[in-house]
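Written out below as structure tokens is the structure these notes cover.
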Amino acid sequence: APSSGGSSSEGGAEEGSASNKYAFVFKNTGNPYGEKMMDGFKSAVEELGGEVILRSPDQPTAEGQIQIIEQLITQKVAAIAIAGNDQDALEPVLKKAMDQGIKVLSVDSAVNANSRHIHVNQANPERIGRIQIEAVSEMISGEGQIAILSATSQATNQNLWIEWMKKELEKPEYSKIELVKVAYGDDLRDKSVSETEALLKSYPDLKAIIAPTTVGIAAAGKVLTDKGLQGKVKLTGLGLPSEMASYIESGVSPWMYLWNPIDVGKVAGYTAHALVEGSIKGEVGDTFEAGDQGSQEVVEDGEGTQIMLGDPFKFDADNIAEWKDVY
Amino acid sequence: MEQRTSLDQQGYIHRDLLDKKDFSLKRFFLQWEWMLVIILFAVMIINSNLSPYFLNYASLRDGTMIFLDKAFIVFPMAMIMILRDIDISVGSTVALSSVVMATMYNSLGVPMELAVVICLAVGALCGFINGLLIVKFKELSAVIVTLGTMILYRGIAYVILEDQSSGTFPEWFGFFGWGYVFGIPFILILFIIMAILFGILLHKTTFGRQIFAMGKNPTASRFSGVKVDRMKMIVFTLAGLMAGLTALFLASRMGSTRPNVANMYELDVIAMAALGGISTAGGKGKIIGTVIAVFIIGYLQYGLGLINIPAQTLLIVVGALLILAVAVPKIKLPSFMKRK
Amino acid sequence: MPENVIQDSTSIQPHAEKTSKLANIYKFRELGLLAFIIILSIAVQLRNSSFLSGENINDMITNTAILSILALGMMLVLVTRGIDLSIGSTIALSGMVAAQTVSTYQSLHPILVILLGIVIGMVCGAINGVLIAKIGLLPIIATLAMMNIFRGITFKISGGEWISSYQMPESFVSIATGTTFGINNLIVIAIVIYLLFFYIINHTRTGRQIYAVGSNPDSAKVSGIKEGRILLLVYAIMGGFAGLSGVLWVSKFASAQGDTASGYELTVIAACILGGVSIAGGSGKISGIILGSILLGILNNALPLLNVSPFWQTGIQGLIILVAVIINTLVKRGVDRNNLMRRKI
Amino acid sequence: MSDYVLELKGITKEFPGVKALDNVHFKLKAGEIHALMGENGAGKSTFIKVITGVHAPNEGDMFLNGEKVQFTNPKDAQKKGIAAIYQHVTNYPDLSVTENIFMGHEKIQKGTKRLLWKEMHKEARAFLQDLGSSIDPKSEMGSLSVAQQQIVEIAKAISTNAKIIIMDEPTAALTARESEELYKITERLRDQGASIIFISHRFEDMYRLASRVTVFRDSKYIGSWGVNEITNDQLIVAMVGREITQVYPTKKNKISEKLLEVRNLGKMGYYADISFTLHKGEILGLTGLVGAGRTEVCQSLFGITSYDRGEVYLKGQQISVKNPKSAMNLGIGYLPEDRQLQGLVLDWGIGRNITLPALKDLSSKGWLNEKKESTLAKKLAEKVHVKATSIFDLVSSLSGGNQQKVAVAKLLTADLDIIILDEPTKGVDVGAKSAIYEIINDLAAQGYGIIMISSEMPEILGMSDRIVVMREGRITKVLDKKDATQEVILEAAMSEGKEKEVG
């Protein structure tokens, strides 16, 4: 679609690659998780001698990201790494960027395969999904009702993770675990609190909550703490160590998972550089050295390709203290 | 100015009333719109000094494309504000009409041409419902009604698409958001056409005159035979229709849509109209002012974006500009700068 | 029946009594809303019996406390024919500053933190007030611009970081979770504020002057009321409430972010509108905004309890808000009509 | 101590572009009722506002009991015992009667600063009862009728213990009977020692009450006289600057065929069983007490409000009027009672106001022809003798009488058969009044059927061909000009008829 009408591809496909500017576009501003990822990206690119542009819209919308990408195209950056607010909505503008020779990669939240050269996946969604169920099962000794508190968003991989959780639950060893409800807190504090309270009231026998979203898990941790349910209802999921530190220390959430956004950002930086240098094309089987992140290989991801980082990292009472100040 | 007076047969002092205004250069240049032109120039000059990428044809052209979608709603919003009302449901209307269009095409197999028409129709319908409620329940103000429908329309969009996005439109549909005609963005051409149409509608027709009359004094307008209810419904329907148009451009630009697009657009639109000199106290304003205001805000954001100013600074700058632009004339030139 | 004004009082007495009784019913303008809330509660209770349990009611009121404080401030603003769109940003700003402060000075007394939040909010509100009262900007424009500015400042001072619960001392978090006389502090704070403002609004000169300015700004001038000062005061109060709410919000959720309470102003305005506060100024009652806040509180609480699909919740909320204001209007019309029917011609 | 409680010397007040007062003098003796008269726009109201400190004068001095004073805001004046009832409503429609009375000087408990509601309600009730009214002090101001609101305003003035009370056209909205009550109250206030300045366009008011009269014209002081020292004609000359030989012009109209017939019109709670006819060239006077329902009936005929019973026939054809536009298309025009609120767009020019109802005729396919518009506006504005320099002069800058002329000119744009005039001379000075009568007569002579609502007896008697009297929503009498006398009309307007429940 972007090429309809004609003259949009001037500026030249080759000219863009002469630039040394690497841009990172996160979902929205004022998000420490994003800030850390951008820090990682910055350190990697600067180490490689590139110039870094860090941008995010004030609201987590695709519209805002489109405007930023247009501005980046005008500035003729070499590469754009983006944590997409929408799978599909960025396709036209990212295609336009790629038409002008800009290398595009998505990080953390993927954009669809047409609108990127490659995706840097922070962790394997299948592993994320399965590991949550394994954890919960261990926490409640394989028996009882559980619920999921999600956000409601297309940008994140929530739904994919939940699907993997459901698949994992089909295994016979979890036959005594019953998933009673998937609730949505919209990544809003107040709504997540109401939803958690409703879960507790509607299912008095609830044994555990899985919240694979940073806002949701913190809100749920707060509700469980306030209601004095620690030990009675277990909590796990994906959360920021800083946000979850007090609940992990108090035992409301025995442990939870996340990856290191700094490392994700770094890998994104090395990948962007490799794309711009032409040392990889974003095709399956390409390999390159990602500095202190070691050697990375491009693998398949549906219709596109991706770089897959390892398992999510487990945060528990033993290690939370050293992470809570980091991010 | 000579004063021709005479006594008529009953002995009244009979004065010949002047029916032509003499052209006053001072009055002409003391219009608010000149102030906006100056601001616009200032923005352009500052931008081109800040960024080497700003001042060239391709940059201005593509920069213009990306801020114009919601600008279509500014025109009817100006009319609504002249009527002393406000419509805060337009963002939700954009979302709902684009979602209906996408669903029609993707899930129900409706041809895209028809879906486009439906998109506009849904927008107009949303506006019409606002108008109807406002007219039928006069005790409720437009803020109340549109606050309700704002939540409702977005809610319906969620019911339809849930948390999915719906996309993959035909190739030609991309033309709305990305197409050029003779090297000029299609959206810009349409925007200028709409500006002219709305300008004529508001300033040169009986319809526009009646809008201003209603803004100044709705009761007297009613007593003078203005069909105030019908006028209101038309204006709100127009707002819905323009929201539908915005939905087309937005969906085209994103190649897809989902229920949470165009969030808080109403506030951006109101800010543009206010900067353009439309007073929410009613009865005042010019379309040309809103057009300039759209470009001021658009280029300001674009230009600062080109030097990669963080979003939070941009918020502050735009807010401060709005305050300064409306406050400065009040502080310095209280009696002249009154728009009349 | 037309009252011939100057009449010997004996002949008019019985008639006057009759109308004043009717007027009393009419005076409770939120009759329709109250009925609506009762019916809604019964309906929800039938579907989920835990709705009217003590614990749930407690949760519901706790969650509504902040909203109701803000609605009180917004009512005063609306009464003066104004509006304040900046409160969401003010909440975020005060919450962020308060959280940063306690994370640095862990031993700071909670009361001081609350005061700090109130002061920040009042400064924000006073800026709005000066723009509106002294410079003469329209409230909607001034507060729309300040909404952006306050939000921008919040992001700036936070530097993109959040303040999380582990950085907050127990004393701070317990502002929102602790209890006084067995009642949650948030509820206690809301009740204290309501009692205080019930008194100020109804029993002090300043309180009545707020209504006078909204009811007829021109006559207020003629009566020697300093309109500018009243407006300044009202926006400062609104700001103060927003600042207080910011502290309470952050304490309640034990987390402070740059985008806290984004868009919350509309919820607050919705509560006022539901409660029958007129956008045209001059009228608005405390009983009304309590009902308005409660209705929103019920919606937020009941929809999840009823297992309503999350995708339907927004739509249902919008529909109920519309239906509630329309029913309230129709009931008022009915009362008016009834008054007319009884008039003798 | 001076002879005068209040004395103003050389007061000048300028508004941007208008000199509202030009070197004006005024002296008020203790215990007198002093009438202040003058054409619309002469500056009377502005003068009052200077006295009460609402406006600061550009020049001039003010003495209170011989002592020079300067008020910077209305509260200062209030403290010195000056109270005013302003011409335009200055009350708080959303607040209670008690609050309206005590606004600005509330009773407050020392220390706690608590408002003493009980005392205030009690006192308010006492004030109102003193004035012979049984208005409930707790009721909302906005729910009262205009006359009741006037009483509250008076109670407010009394409540401040004012020594000087100023009333700016208090009788404009009152009928003869209500005015009489007001006279009594005013006299009682005087007897209790207050000095009163009374502004009115009605000569009856002045003769009935005042002992002295001061006249302003075109912002200037013309003179002060004892009421008995000056003849009516001299007074008119002082006010208008020329002689007005005859207030009610000789009639030239011919009454011919029936234009309008109203049969059993009714609207629940407002009026019932309204039947009358109107002929071509006829002036039909419609009178009654304020609140008798005259306005409602006429507004129903004009499509502003609906009626729920009865039929209306125009030239023998039954019609139904949906909205004002359709009324105008059918040939019915209406001059509203409240010209500022319902009649005019105040901050628009004269021309735009006049053409507002006729935009359709001035445009082709919706496109406005501004040249045609100016021509028409000029023609009509001149036809009704609007006093202004150009058709772009803002209506808000015109005096009441001239505003009314603009409102009348609006009616002349449409092709009408029937013109309904609702209190066409309310608050209009003698000069403008006779001009408006002239216009009305001209219209009748041209064959318009005219319904004129009026509460002023002389006007009704002087102008009408037939008179319809309403009382409490019903027609109590229809009189021919020759049978009409003040007594008959008053009796029909006030006597107790049998009442029926409507609904």
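The first chain written gets the first letter, and so on, giving A, B, C and D; residue counts start at 1 in each chain.
FYI, a contact is a pair of C-beta atoms (placed from the backbone, for glycine too) under 8 Å apart; a residue touches a chain by one contact, two chains touch by 3 or more.
The structure presented is a predicted model; accordingly, all values stated were derived computationally and were not measured.
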Count of steps on the shortest touching-chain route from chain B to chain D?
-> 1
Both-way neighbours, i.e. chains that touch chain D and touch chain A | B, C
Farthest from chain D by Cα centre, which chain is it? Let me know.
-> A
When the contacting C-beta pairs are counted for B-C and for A-C, which pair yields the higher total?
-> B-C
Can you check how far apart chain B and chain C are, centre to centre, with Cα atoms defining each centre and the answer in Å?
-> 30
Taking each chain's centre as the mean of its CA atoms, chain A sits from chain B at a distance in Å of 37
Here the gap between chain C and chain D, centre to centre from mean Cα coordinates and rounded to Å, is 41
Could you list the positions in chain A whose residues touch two or more of the other chains?
-> 28-30, 58-59, 152, 184
Numbers and ranges of chain B residues touching at least 2 other chains = 163, 264, 310-312, 314-315
In chain C, which residues are in touch with two or more of the other chains?
-> 151-152, 154-155, 258, 311
Pairs of chains in contact here are A-B, A-C, B-C, B-D, C-D
Using the touch definition up top, name the residues of chain B that touch chain D in the complex.
-> 1, 3, 8, 10-21, 204-210, 213, 216-217, 219-227, 283, 335
Name, in rising order, each residue of chain D that touches chain C in their complex.
-> 52, 54, 73-76, 78, 86, 89-95, 99, 103-104, 106, 108, 113-115, 117, 129, 131-136, 138-140, 143, 145, 147-148, 150-151, 177-178, 181-182, 268-272, 289-293, 472-474, 499-503
Chain C residues within the chain D interface of the complex = 1-9, 12-13, 16, 20, 23, 27, 199, 202-205, 208, 211-212, 214-216, 218-225, 282-283, 337, 339-345
Chain B contact footprint on chain A (complex, rising order) | 1-2, 4-8, 10-11, 28-30, 53-59, 61-64, 66-68, 70-71, 73-76, 86-93, 96, 152-154, 159, 184
Sites on chain D touched by chain B in the complex | 16, 242, 302, 304, 323-325, 327-328, 334, 336, 341-348, 350-352, 356-357, 359-360, 362-363, 366-368, 374-375, 377-378, 381-382, 385-392, 410, 414, 435, 438
